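Quick one: structure below, then a few questions.
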């Protein structure tokens, strides 16, 4: 409700302290990203100057030009984006359903199912690579987005499901009941009431899934050898040589890779979470 | 009302009083549960079950592609080999140590970050964004960037130390410093994952509880321990489960920062698995290692799950 | 109509290779060649190729392989030997190449791959500084140390290092170890058996460690990777640098601080030994799962011919695998420094040709890294190395 | 078509039996009020009827249909929840429109329905707010409105007015009554408010510990409570109870005072001779001394209500409460003499606590 | 030391002014009841006093201290929330023990305090449950218990009994009264229940739209309402109002009927000559015809309450309600003749709606 009362809620109160905290947070989170940004504006020679420089001496956008001209960076972005978005959507859909079943319905062996889902994430990916490749080949999916979307979905499914389970358990049953009396099916109530009310959880799960897909390298390298289908992490490695590692150009490419994620996240954040306030329930 | 009585008329005579197709909309709880779990189950089966079966099968085989001999059944040989393999023990120990240091580390830092990010800042997005950026930075690049930060000459860390009048440290010349650098990096990188989940949990705690606690006389600290923390427990356990599993699989950051060096003092089990499968092409042994890692992860997960269950 | 899919790394000028392929297609109307490019480092390629090959995938016919890999691929049965195509004079056929390449591509008498192009480690030095102080390029490591001390002391530039080499636990560190070891005339592996000379190993490790202790090399050498050496030299902060051929092009590039101030020579020898360099370069292998093995082998023979070698030297500045191509007039005109490169490449030795090379490499690089970081003494390092190598190469 | 019937309805939570076999027939268009002490299973019963709680035993019919297995959506019921259950992410308008939208009613029709309901509940100016911006009473009215716009076969109200002030409550109560008369929907209504129960109900059902204690018209339950429990539960202030024994047509309280059993025919009182009874007297049935047979006791507390005065006084070991005219203000400690109309006395068996006819 | 005073207290939400300058002095040990229509700012005022809502203007003192900036914890206040606000992860016992533990009270002392409070509220057998396993009324009692165990300087109750049944409510109400008498803490109590307000309050504060309409003892607000609003708000069923004009010591209703202004001295009624007034008559001040000056009207609705009967009838264009003896059951449509005691009539100015002395 009012600003100051919410502020009182926290261990930290007081405006100057809050600004300090904000500053710490931003530095902690942003510093490496800023460093990449600065690096992307430097020449390679500036990187070996001692003592090191923080801000670029003579900022140059040459690295960005190279990043875009040496490799089809926009194509990488597009592929990454599509794969990430589609697998996020699929992950959310599948895990919302599963989480609802686990959180609300009477299920025998619920803990067993939960453990099984978690167990999935306990195998190191690299050891599953070859059999996965064989599956994708058998399904004729090599060199398609789907070859990545499916495993990425499975990769994020456990964590998303568990997050959603804990959120769904926190939604008062009467809200759902109310929706069912109002004429929804259970599934209707799930999507019309439970999911919107778990928006912070769905949002978090979505981010996790998105970033998981956005960052993945190994599968993307192995399953999509077609240059037209390369994703960003694979694409960025193309800027390096066997030995040469041109930090400034790679930094530029990284910046280009991070910015859309950042923008997307910020937009979603404001959209999804701000519209939500509690208080429909008593008790 | 009119429409209502109409439907009732139409459906009289039907025993349950519903049209046949509505049964699909309202299956019994158990059927519904099964239906809802179906997509997840299908995906998991497709993507995971076959590979994992292959993995387990391979772990009982003598399958080293570089040996030039065809695969033979090896029984538990790969497993007994492991017991005598000093590198296995060293990397396992390193992995456990990394887990023991970075999981609580990330939890504390992540909790602090989440609490801080939950403050009522007038402008929220920079704070939220700085929570997300570490998470959004590709893992392998995070390792490279931090390797650079900890570089003895061109690194920011030493630069700051020198500016403060300290001697720079050659981080990667010493097992301990290198280990510290790696742990710091992992904590930095993963605390935002923790923070994200915890933050989401924080947003679901009703404000009125804090008000009640205010009136009850509990101070901020007390409220934190008596209300925030217990109500965050489910979120924290979820975060811990996955953070622990990924900590046990730590690969990219030490790989890019030190390659396990100096010597093998910072090599992890996952790096060793990777090495055995990808570099040495010893698929049998690599699979056996992976199975052991899986067992380790499952053990930890079981403990956490018991924690969740205890809550209920 | 045969369709050949060729895996080429995208750092090895696929555009120029394409032209070479076009020439082949022009001559052989029934063959079509398509290029597949993969990750840029040897590691990323290995990652990708391992997956594809372990899955027995037939989509690739020809692959370019780092020089250290043919033995491993052959042992895994992933490549087809050329002996059937080459017939009985396979050995003769291989004699055309630089000897080290014949060695690197022959496993148990079988030709498992054919060289695509060459590479080796060079000693780069600052011509301007040596000239200024009246010093000749060093012949031995001791001379190098003396020269480095003299110049750095005289220059009084705190940023100037005497020598830069690779101490990080990467593949480069293997060569670091082998350079003095080979120079003492020792082999690590002969006939697939370990022939470890512990004394030479200690000397080799000690040599490098002493450079660090004497201040010839940086204290943090254990974190120096190949490209760090290149960058620091390029920035003018290094007097001597051990590096691969790729560095030359960069040193002479527009951004370089040392353009036209760079000399390149053979690597120094140990006192009383022969100079030795570490062989690099890439090979063409034919996939065992290919559906067009014969066509593919024919194609590879074409690719590994002097003509194409010359073509690639002129158009892509890739070092030739044939000695005579270095002195070819067109080549010397296009890349004059190849004249300097030839004697170096001739001293280059292949790293141990064994299917378990990766394990050998892992042992050596971690030991070198550990010794340079001061984690263990050269003696301890050599002992460890020997013990671990024995387990691998019984 | 919208009668409701419960047959041997049961509900258990684990080992705990909460509802213990309820049998009740509610006619179409009937207005039934459910009362009972807190925790006796009222909400649970409503929830089973709505399909929100599984039925552990017995059967529920709406109209002719057994609805035991029917999902809530198909029961055509509207419910006002005790804890409101407003959708926190929707505005008041959206909260009210939700069920209509779900049922595919065109928005041209939704708007007027909602504004009409909002008008009636006095929440027109709140339609754009989120539930978190409302006061408790406002939330409750929104919850009411959400049900009202529906026009279902059966309305379920779970203490819908408990957070409203007397005036508004009176108003809304009248509206509910009018609503019922106008559309004639069957209504089941849980309340703790005596006035609501008495004025709204066609029949009142008194629950106790998961069982029906008595069913009857307001008059019946008020004038002929079937048990001490009902007597004490219906009526506010509650009925007074005192132990006594019957001797020759008189009931003698343990303090020694006695009253004649005027209303009971000789034959019956004869049957009661010598029995221990519990005597129930409603506070409003005390009359000024002299008008009836007088009792006297020491005044303990006097509570002036404005419209009346409550006098709490001791009769033997029992504390009795009398509702008298507001002008009457005895002081504490004074000995009060007050009359009782013998025909207004209720007699219950001391052991079974059931009414003695 | 625990008096409470509000000085020009204001609260705004954005542009909306919710509390508009409240001035009120509450003495130590006083029991003040806050009433007012839903949404008038009662909860908001309590929350400001508790420190849960920032104060937009004015000042609050507890004892001598200005507490505007003091955190809730330091105000030594206990509060029962309208929406309970129980800790969902703690058992009932832990919920009640929390504030004591926080204040460092030894557990040897906590136990008896809690069992005493639990006893009083009838929740002893629920102490081990979690809030989610309780019924609405049970939750409310736990919330009460949590406050009661505290023994603070000031108690704040926000509709603490709204979900209890009449019997329990009466019981708990009596307990609160006893508690107040025993420990004498200052209490501020929000309720919609007339009986609670009248019986518990030392003074009643009537709020309307964020402003104080009247402050006075129960007697004062009941017998001398300062305005039409207060008259209509206090008393249940609500006071009847009818428009009229004063002529020569009589008030004439627009239907033509008239009553003498017996109670008003000649001088005063002279000053009122010719004025338009609103006449207020409480339902309980109608007497059987013949006992007072009679009015007559057509009966609209008859509501038997058991203890009384409510008769709604038309007088001119106004609908009036009379509370009469339960035996009286005129039928709808009948013309009713009913008496009024002229000394019980309230007169309000037709324009300002304030009482005319």
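In this document, chain identifiers A, B, C, D and E correspond to the written order of the chains, with residue numbering beginning at 1 in each.
The working rule: a residue touches a chain if its C-beta (ideal position, glycine included) is under 8 Å from a C-beta of that chain, and two chains touch if they have at least 3 such contacts.
Note that the coordinates shown come from a computational prediction; the quantities given were computed from them, not determined experimentally.
K.L.:
Identify the chains in contact with chain A as well as chain E, in label order.
P.N.:
Chains that touch both chain A and chain E, as defined above, are B, D.
K.L.:
Note the shortest touch-path length, in steps, from chain B to chain C.
P.N.:
The fewest touching-chain steps linking chain B to chain C number 1.
K.L.:
Across all chain pairs, which one has the most C-beta contacts?
P.N.:
The chain pair sharing the largest number of C-beta contacts is A-B.
K.L.:
Measuring between Cα centroids, what's the chain most distant from chain D?
P.N.:
C
K.L.:
Measuring centre to centre with CA averages, how many angstrom lie between chain B and chain D?
P.N.:
Measuring from centre to centre gives 55 Å for this pair.
K.L.:
In whole angstrom, what separates the CA-based centres of chain D and chain E?
P.N.:
Roughly 22 Å separates the two chain centres.
K.L.:
So how far apart, in whole Å, are chain A and chain B when each is placed at the average of its C-alpha atoms?
P.N.:
14
K.L.:
What parts of chain E, by residue number, touch at least two of the other chains?
P.N.:
Only 13, 52, 71, 82-83, 86, 136 qualify.
K.L.:
Where does chain C touch two or more other chains at once, residue-wise?
P.N.:
In chain C, 47, 54 touch at least two other chains.
K.L.:
Enumerate the residues of chain A that touch no fewer than two other chains.
P.N.:
1, 8, 47-48, 50, 130, 185-186, 276, 278, 281-283
K.L.:
Where on chain B is chain E touching in the complex?
P.N.:
Within the complex, chain B touches chain E at residues 206, 208-209, 211-219, 222, 226-227, 230-231.
K.L.:
Quick one: which bits of chain B touch chain C in the complex? Just the residue numbers, please.
P.N.:
By the definition above, chain B touches chain C via 65-68, 147, 151-153, 170-175, 258-265, 275, 278-281, 283.
K.L.:
Which bits of chain B are touching chain A when the two form their complex?
P.N.:
25-26, 29-30, 32-34, 36-37, 39-40, 43-44, 46-48, 50-52, 54-55, 113, 115-121, 124-142, 145-146, 148-149, 153-156, 159, 162, 188, 192-193, 196-197, 199-201, 203-204, 206-207, 210, 214, 220-221, 224, 234-235, 238, 241-242, 245-246, 248-249, 251, 270, 273-274, 277-278, 286-287, 290, 293-294, 297-298, 301-302, 305, 309
K.L.:
In their shared complex, at which residues does chain C touch chain A?
P.N.:
So the residues of chain C touching chain A come out as 9-11, 36-42, 44, 47-48, 51-52, 54-55, 57, 159, 225-227, 230-232, 234-235, 237, 243-244, 246-247, 250, 255, 257.
K.L.:
With touch defined as at the start, can you tell me which chain D residues reach chain E in the complex?
P.N.:
It is residues 35-39, 43, 82-83, 133-138, 141, 159, 162-170, 192-195, 198-199, 218-219, 222-223, 232-238, 282-284, 303-308, 310, 323, 326 of chain D that touch chain E.
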